[in-house]
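The structure that follows is given in the form of structure tokens.
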Amino acid sequence: MIDLIFNMLMIFLLITAFFMVFTKDILTSVITLPIFGAILVVIFVILQAPGPAIAEAVIASGLTTFFFVITINKTEYEQNE
Amino acid sequence: MNRINVISKKLYKIGLVVSLAIFLLFIFYDIHNLESNSKRYLSDHYISEGVQETGAINIVTSVLYDYRAFDTLGEATVLLTAAAILSFLVPITKDKMRGTPFTIIVSQTTQVFIPFLAILGMYLIFFGHLAPGGGFVGGVVIALIPILLTITYRVEFSEYKFKPDKKKVSEDIGAIGFVLIGLLGILTGSNFLANGQANVSLGDAGELISAGLIPYLNIMIGIKVGAGLAIIFNSLIKEK
Amino acid sequence: MQISYIAVIILFCLGIYTIISNKNIIKMVMGFTILESSLILLLILISYTPGGTAPILDRQYEIVVDPIPQALALTTIVIGGSVTAVMLAVTIKLYKRYRTLNVDKLRKLRG
Amino acid sequence: MEAAVWVIILPLLTAFFIGISKVYVKKIFVPLVISSAIIYLYLLILVINNSYPPNVYSVGAWRLIGINLMVDPFSGLFLLIIALLFLPVIIFSVKYIKSYKHEYFIFTYIMTAGIAGMVLTADLFNLYVFLEVSSLSSCALVALKKTNKGLEGAYKYLVMSTLGSFFILLATILTYYLTGTLNIAEISLEFNEIPFKIKSALMAFFVFGYVLKIGLIPLHFWLPDTYEDSPIPYNVLSSGLVMKSAVYALIKVLYIIFGIDFLDKSGLLQIGVFWGVITFIVAHLLAFQQSNLSRLLAYSSIAQIAYIMIGLFVGTEGGLIGGNFHILNHAIMKGTLFLVTAIFYYSLSAVNIEDIKGLAYKFPILSFTFVVASLAIVGLPPFNGFISKWLIVEAALESGFVYAAFFILVGTFLSLTYYLKVIITLYTKNDKEIVVEEPGLSLSLPTIFLGSLCIVFGVVPSLPLRLINKIPTFLLDNGEYIRVLLGG
Amino acid sequence: MITPGFLYFIGAILLLFPVYEKLKYMLSFLVTVAAIIITLHLIPGYSVQLDFLTFTLVPFKVDNINKLTGLIFAVGGLAAVIYSISMCSLSHLRLIFVFIGSALTAVFSGDLFTLYVAWELMTISSSFLIIMTSDVTKKTGYYYFLMHVAGGLSLLWGIFLQYSATGNFSLNNIEVGIPFFMIAIAIKLAFVGFHTWLPLAYSKAPFYVAVILSIYTTKVGVYVMSRLLSGINSLAYAGLISALFGIAMSLKQKRVLKLLCYSIIIQVGFMIIGISIGTTEGITGAIFHLVNHILYKTVLFMVVGVVIYTTGKDSFENLGIMGRKLPITSIATFVAFMGIAGVPFFNGYMSKSIIKEAIQDPILTLGLNVMSFGTCIIFLKFIYYAFFKNSDRKVDKKPPVSMQLGIGFLTVLMLLVGIHPFFLENLTNMHVDLHYFDKKHLLSGIQPFLWSIPIFILFKKYIVKNYERFLYFDIYLNMAKLFMTTGYHLSNYHDGKLNKYLLWATSTLIILLLLFMF
């Protein structure tokens, strides 16, 4: 059972990654980033790594997404105006 | 002609990446076929002796703050460098995040959230040697407080509450504190960043006050990371 | 679990592809994030032992997963986050100066 | 051997204290910086003196299960370079740097700490961490002036160095997976049982990652960009230490972990020498085209690094001695050149070769220093560059790389073409009245000190060679290194 | 024992300190005279050993040949320094001292390493001498420096081959590196094909620099050739060709300095022939010829220098001031002319006779006679303009005493050697069994000179005419152009596009993986 979930998660991970890379709109791909991170967190927890999971959740998918959003906010939106 | 050029360039890129993938596949396959499971001397030692040697239940923490604490010093330095880079890249003029202002619900919720975040961060830091978490994660959670303030009430308010200079100083103090705690080891006649060897009483494993110097190192890292990430975030926001 | 190694490879190559083929700076930084994630995933994968428990030894366990890669993963996450932050800050600065996010238009330095 | 760990901690502590002093006690800034640099020099001399026989300092007293610092002659050489360059550069920068002074010193100290860490550590992952420390802080220094070019250079540098770091990290992780340890000596022992193919793949990743930071052609493109609009005293450290530390890490990884026999068998030595030859020929050709002085010197750095790589990849005792001596010499020579350039920039903001026309008559001594250093870097006797190039060529000939030896001489000729161009411009009389801000003694003294070393090491090469002669035994026979590190 | 070359280096270092004008004169006089005295008292067979890196060097080794060469170098140094001291600045004087010192070191070096170091030091100092004089000479200096460094590197490569084959640096048994030594020496000697730097450098540089360069640069080449390449018979023909080329070129020249330059090539041809015969007699003749050549060619350069100093130009017309207004200069010119023409009882005669005696090959004897004849014709042109053609040039200023002192000193020496040829032999114990003043030698010596006078008078209007056209083809410039364009194209590839760069990087990675894994 856990194997099946794990494999599904992996496939989801890849799908989100591909989506992130190949979408045209940058905002969409940035919003996909925390989803990607969240899936990674779940995978880490399944793999018995709670410490890295928390760190990943907080830093990689949390703060980094914030940073990306701010960056887009400072760049692309101005271009549209 | 131009179109063919573009396509061939793209194909070339894909070819490169695919061949890299094939190489990696080969390598991973070869590695997988080896009998590599037996080679865990180091981690076996950590698992079997780690609790006695360091007094920390969370072996990851004991690796991070004791066995390989020097790595953590380097890592903290990287974070400090990043914070310093961002703080010097921002201009003096201030800018805010664009977009619609938030409703009252958001600001109220933020106020409610802040004590929770503080407690959660404290917990993660202080129980770093007992449970998952540790200085880094706790520091990030604490850094969320000024970040939330920034998002909801703009930079000015956040910086009024937490002065940028003070944040920088506390970041430096965190880093210096880490080094100073490490130097305790030298003072007691052992090596830099020594813990158990330096005659620090480790206490009973599983207690809050245990694991020698690890909790203090955790606190220092927590201060440093919290301040550093807050600086990074505010700098990004202020960047005009 | 074998599939996960393949996922690591795919993620790694996807990151490389993003970096070398995308002209948008933010996308490039994103490529680095993916690259970093794939390496962290690799670290966690090699730490895992079937049937093991997390390395928090409040009592005696039969099999415990390898704690070292997890510690390394934590370090990598923090370093990666810092580098990403710096990259994005430089990106914003570059955008303010050049008014573009296209890498190929950053061409003051040549020759 | 407490001093070994202090070599890493002291610059870090100084950097943190500078951060505090920026906010609260502004007055102690200059004394803090200078006194710390002087104490650091003392520490370095202490450590270098104790580098033979090599000794191990175990951080946290964990011995083999923790991180170890190892001081051997090879790392002693790099500490010597730090000792020679650091204090002059710091004294120089106190007056030279006008904006973002605190940040400059914070990053410089952190960078130095990172390099010292890379040089001393005997742990693979620790190496990666300190590599990241040094490259991130040097990236900050590139962007320090916040000009368009500076930021662009910083971005390119960041992208390339991060890419390189990830490959190094990948190789490190796989190494851990294969061997179950991160201690270099233990990895080296375990590596005897790893199949050839996996080892070569790991080696390819290591080589790619580090060479991205070293900048052999065609991985060199970011390097001149980082030099063009960065604070010039930083360029001294960059070409003298940052690039070299990557060379150090690569050589250490290759020679200690993989071992010379494997390098020979896998063909890396042949490839490395060939790569070096291509690199310096192309770099010399490109350097001739440059009009910006910093850029010219950057391309020249690439070429010199290629000479070093040839020396180190020849794989004999003579080659290692020659290559290591050239590392030291290049740091000194390039340091002198950059410092003179910095004074020109300071006095009349001259960056292009055209701008320095006629300056020889304004600064006779400095121009003479420039001439000495450039002739040394070209490799003419009786300066230090000649001795090390001689040793490299001799080693290449002895081990059968006749073409490499021959092309090094051709490269010498090519490098003369552009250095002579600069010198002649320097000595061409300029009718324009030049408004010059006089460089004080604190700017010219470090420059002249480094320039005089070019002559001293050329006439008395036995001075540094006493240290360098001990290096090959540690690299060619990794058993010695392993024995010391394992404490057996 | 302090070596003469080292003495000069010390002099250069002493000159670094800010000195008064008088002190400068004193110091340079002391150093140069001391160098002569020391060289005179050297004992053949003496040598110094020095451990450097892993090899044992012999930086100082005396024998008969290099004692004589060193002596004439020291004498030339004295004359040249006296001659030029009133004109050149302190920095120039320093460079001149380094230059002379390194030339002397090269002559007395006992191994290849020291030789190479001194050789390159000569290149460096002389190039900077040219570069730093004026803005006109910058390009010349660049060209000169590159040519000579190319030669030096060729020597270095020869040394490396030699060292890896034999394992030592001794000067004696040279076998492996011969082609590269040949190129190195050919560049130093201004051999035809490698000669392009010589007329450029000597005619563009100020006359006192040209005097100093003419004493040492090519002569060191000759000396080193006598050490490394003696006895390669085929080189004699090459020397002949080079000399004939020199005659052809120097007849065309319009400027006196250029004429003297090409005349150097002719004279070096004599020495090459002497050396490549390989017998003791031939080499001794060549070295004697080197001594004589330094004497008269230096005087000629000095004389032209006086002309330039007084009138400002070195065209043939300006030589006309000589007869009336500059008595010492005129006498010196006449003596030097007789010497270079090989007239008996003047100094050139002696060494030419020895070389002629040593030659066995009839073609070479004929060639030698042709060369003497050509030299006479060239210098008759010189003499014609100096003394016989009426000129209306006026003397602007008188040459300083020091210049005339230098010329006078060398003229006296020339007369001494000419009248008493055994003087040189006795000085160095190199005895050639030759009766200089018997009928056969006198006859063969004076013949080319006598022939040349009627021919000059007959064909005067062709010879005296100034050919505007200047045959000058330089293959090295084309090579430089190739170098430039290649660099330009390579530089164009670096267009600042990060994606492209990253693509290069990834390709490199794949190539590396391919190379290592298969």
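The chains carry the letters A, B, C, D and E, assigned in the order they are written, with residues numbered from 1 in each.
The definition used in the following text is that a residue touches a chain if its C-beta (ideal position, glycine included) is under 8 Å from a C-beta of that chain, and two chains touch if they have at least 3 such contacts.
What you see is a predicted model, and the numbers here were worked out from it, not measured in a lab.
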Contact steps required, at the very least, to link chain A with chain E come to 2
In contact with chain D and chain E alike are the chains B, C
Under the touch definition above, the chains in contact with both chain C and chain E are B, D
In terms of mean CA position, the chain most removed from chain A is E
Per-chain Cα centroid nearest the overall protein Cα centroid belongs to chain D
The chain whose C-alpha centroid lies farthest from that of chain B is chain E
Ranked by contact pairs, first place goes to B-D
Chain C to chain D, mean C-alpha position gap in Å, rounds to 28
Rounded to the nearest Å, the gap separating the Cα centres of chain A and chain D is 38
Between chain B and chain E, the Cα-mean centres are separated in Å by 72
Distance in whole angstrom between the CA centres of chain A and chain C is 11
Shared-interface residues of chain A (touching two or more other chains) are 50-52, 55, 59, 63, 67, 70-71, 74
Multi-chain contacts in chain D, i.e. residues touching at least two other chains, fall at 125, 129, 132, 136, 139-140, 143, 146, 156, 159, 163, 177, 182, 197, 201, 225, 286, 289
Residues in chain E with touches to at least two other chains are numbered 491, 494, 496, 498, 502-503, 506-507, 509, 513, 517
The chain pairs that touch are A-B, A-C, B-C, B-D, B-E, C-D, C-E, D-E
The answer for chain B against chain D in the complex is residues 23, 26-27, 30-31, 34, 36, 39-43, 45-46, 66-71, 73-75, 77-78, 80-82, 84-85, 88-89, 165, 168-169, 171-173, 175-176, 179, 182-183, 185-186, 190-195, 197-198
The residues of chain C that touch chain A in their complex are 1, 3-4, 7, 10-11, 14, 17-18, 22, 24, 26-27, 29-31, 33-34, 36-37, 40-41, 43-45, 47-48, 52-56, 65, 70-71, 73-74, 77-78, 80-81, 84-85, 88, 91-92, 95, 101
Per the touch rule, the chain B residues reaching chain A in their complex are 58, 60-61, 97-99, 124, 132-134, 136-137, 140-141, 143, 147, 229, 232-233, 236-237, 239
Touching chain C in the complex, chain B uses residues 10, 13-14, 16-18, 20-21, 24-25, 28, 32, 37, 40, 42-43, 46-47, 50-51, 57-60, 62-64, 68, 71-72, 75, 78-79, 81-82, 85-86, 89, 130-132, 134, 136, 206, 225, 232, 235-236, 239-240
In their shared complex, chain D is touched by residues of chain E numbered 52-53, 116-117, 120-121, 123-124, 128, 131-132, 135, 138, 141-142, 145-146, 149-150, 152-153, 156-157, 160-161, 163-164, 483-484, 486-488, 490-491, 494, 496, 498, 501-502, 504-505, 507-509, 512-513, 515-517
